[in-house]
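Should a chain be cited, it is by its letter among A, B and C, assigned in written order, with residues numbered from 1 in that chain.
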Amino acid sequence: MGNVSQTGNNRRVSGLLNPSRSRRSWVEFLIEKALLAAGLFAVIFVVLIFAYIIYEAVPFFLQVNPLEFFLNIVWRPDSPTNPQYGLLPSLWGSFFITVMALAIAVPVGVVTAMYISQVARKLERSILKPLIEILAGIPSVVYGFFALVVLASVLSTLFGEAVVTRLNALNGAIILAVMALPTIISISEDSLTAVPKEYKEAALALGSSEWETLRNITLPAAKPGVLTAILLGFGRAIGETMAVLMATGNSPLLAFNPLQSILAMTALIARDFGEVAIGSTWYHSIFAVALVLLIITLLVNWVATSVVSKKIGWRIRR
Amino acid sequence: MLVDDDWLKEFLIQEDFKALPSVISVRNLNLWFGSTHVLKSINLEIKRNRITAIIGPSGCGKTTLIRTFNRMCDLDNARVEGEILFDGYNIIGDDVDVVELRRRIGMVFQKPNPFPKSIFENVAYGPLIHGVRSKSKLYRIVQESLERAALWDEVKDRLKDNALSLSGGQQQRLCIARALAVNPEVLLMDEPCSALDPVSTAKIEDLMLDLKESLTIVIVTHNMQQAARVSDYTAFLYMGELVEFGPTSIIFERPREEKTKAYITGRFG
Amino acid sequence: MQVRKRYYQELANLTKSVIKMGELAASLIDIAVLSLANKDASLADKVLTEAARIDDYELRIEETCIQLIVRQQPVADDLRAIISYLRIIGDFDRISDLASNIARITKQTLDKPLIKPLIDIPRMSKLAQEMIRCTLDALEQSKVLECVEKLSEKDNEVDALWYQVYRELVSMMIENPRVISDATDLMLVARYLERMADHACNIGSRLIYMFTGERRKLQ
């Protein structure tokens, strides 16, 4: 008996030591490395872009005092006599339209998300959700064109005399709001839907009405997700180029009137790059602006993801 | 008399079921999800200050049944026909004030589900939405409720802590305290111990026995031993039908129906 | 925090009622033998009515034990206690039945004087009662081992007394066949008392099992 079982064992062991082993592990090795390469590819690109932008921006800061860059309120790099490289107008322009866009998009987006996730019936949801996703898929140039042709006219008839320039900050902000909506809606909606059903049931079982439940329980529980949505919407808006370029009029002024033309950083980069001589101070100044923009977007993304990870941590603890 | 006989009175006096006041009377209740007939002609009396257990295999409709008692079935898109009498009113119907109904019939769920807020806020939530504004009164309600749920001593120094930092058993007792804070007349418990360890389970069972002095409890459980331990009356539900209903001692000692016997002995099918 | 308070309360109550039943059974022995010695019909009747109460106790305690098993799923010492109680009450019931038998003999022989003064029989009765009380004390104080010693000792005494009574009555019957009927009655009474002592020993074995989990037969 003992012998028989032992030979059985031996056979099995020799099966484990099959010669095909090395080939299989070779394939495993290849696949593993291929996956690593694919993963690294994206990382390498990010690093390369960052390095390149820094590399091109450094000469600018050698020629122009960084203090002047950050504090000067005039952007006139094309002046042959006294070129001025002030970041403030475009930085302000970007923030101005982004904040206005969010002021419109956040309430609309969050309320829509609340409606879709909590109130809407199945049929409504199955119509609304794809529609909003289509909104995300429209090319930005189409939005820009719409703002340039239709929205601008509507605004000038609406506000009449108050309109300083036909293409203005408000025009850009509205179109940016529409573009940020899908992001805000779909991420808030996900996080609202992800609020455990148990919370809602507990609140309802205590005798809260639907609205009390949504306001006191569901929304606070989904808050990290909604914050993430807002931050990603912010990132979407501040990084948008084409629609802003087409909608805002692009005059590099420090304007506080929403009905006046402004110049956003993205629009500045896109506009000025067409006419600049490679290697000039102006050329390098554009990279400096791009660096600032890149840092802002990275910051926003980092904050957004850290909020998301906090939310996930919270979920796991449950 | 050689020995005094008073103790004899203490045990095994079979109470008169018919003479006890009913809190909830279910009359010919039918419920459908879409075209699936989930509850079939249920008739059931829930007696005041007693614990009624509803047992049965998974999917027999026991959770669905107690969710009709506080109209949580509304959330499940169920179609309900029949009568559930509570305080003289049929609570199946569109004209019922569901909010008030749910205040008077509280519920504790299968998984402990405290809100991700502080312990205090969890218990104070109910009174707050029902209009209690005074700080001192809120504090008193919170303390009373936690005491009734036998949790006060464990949490009195950490009311500001997040409720999710409590253990599973404590969380479930917190949920009971939260339900008690609005002073309900009936407490529905939907498998309240299925996610808990044996010691926490025993604590909650003790708690239920304490609570039945002041309110009526309906518990759904898939743990027959638990039903045997805590309940006064047991209803056995099978495939949406009420197979047998009676005093727990009788259901578990000498059930009348073959199906009940097969289920409680574990010889099902 | 102590959990399952009610269950332990119920168990404690059960123990108390078993003890009460035992006390009742022990007192019945005394009354039965007294009724025989004094030819007192009212005492005999009292034994019979109290024996009915013993039956009542037995039924209720049994029902309580069943309920505890069904509803509380006892294990370990709780389970051993409940199973032991179920059997102990049977012994008590037998003891009360035997006492009733003595009372019935009293009632049948009310008009006849005793053929001899009772000496050994009351001693047996006293011993049997002591044995029962001893088991009850053991149960109450959870001290079984001291009791076991006493039980075997006293059982031996009872056995010796029974043998003495037996020989005495047999010789009386041989001397005077007219007393055969009465002597047989007395012999039965002695026999009953000896059986009671045996039941007390049984209870002792049950208690050993209950407290230690060991199975030991007391002789």
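Assume a residue touches a chain if its C-beta (ideal position, glycine included) is under 8 Å from a C-beta of that chain, and two chains touch if they have at least 3 such contacts.
This is a predicted model, so every value here is computed, not measured.
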{"item": "Centroid comparison with subunit C (C-alpha atoms), farthest chain", "value": "A"}
{"item": "Chain nearest the overall Cα centroid", "value": "B"}
{"item": "Distance from subunit C to subunit B - Cα centre to Cα centre, in angstrom", "value": "47"}
{"item": "Subunit A and subunit C: spacing of chain centres that average the CA atoms, whole Å", "value": "90"}
{"item": "Subunit A residues within the subunit B interface of the complex", "value": "196, 198-199, 201-209, 212, 216-217, 220-221, 314, 317-318"}
{"item": "Residue ranges of subunit B touching subunit C (in the complex, touch as defined)", "value": "2-3, 5, 7-8, 10-12, 150, 199, 202-203, 205-206, 209, 225, 228-229, 248-249, 252-253"}
{"item": "Subunit B contact footprint on subunit C (complex, rising order)", "value": "1, 3-7, 10, 13, 16-17, 20, 23-24, 27, 50, 53, 56-57, 60, 63-64, 66-67, 70-73"}
{"item": "Touch list for subunit B against partner subunit A, complex", "value": "70, 72, 75, 99-103, 106-107, 109, 111, 113-117, 125-126, 129-130, 164, 175, 178-179, 182"}
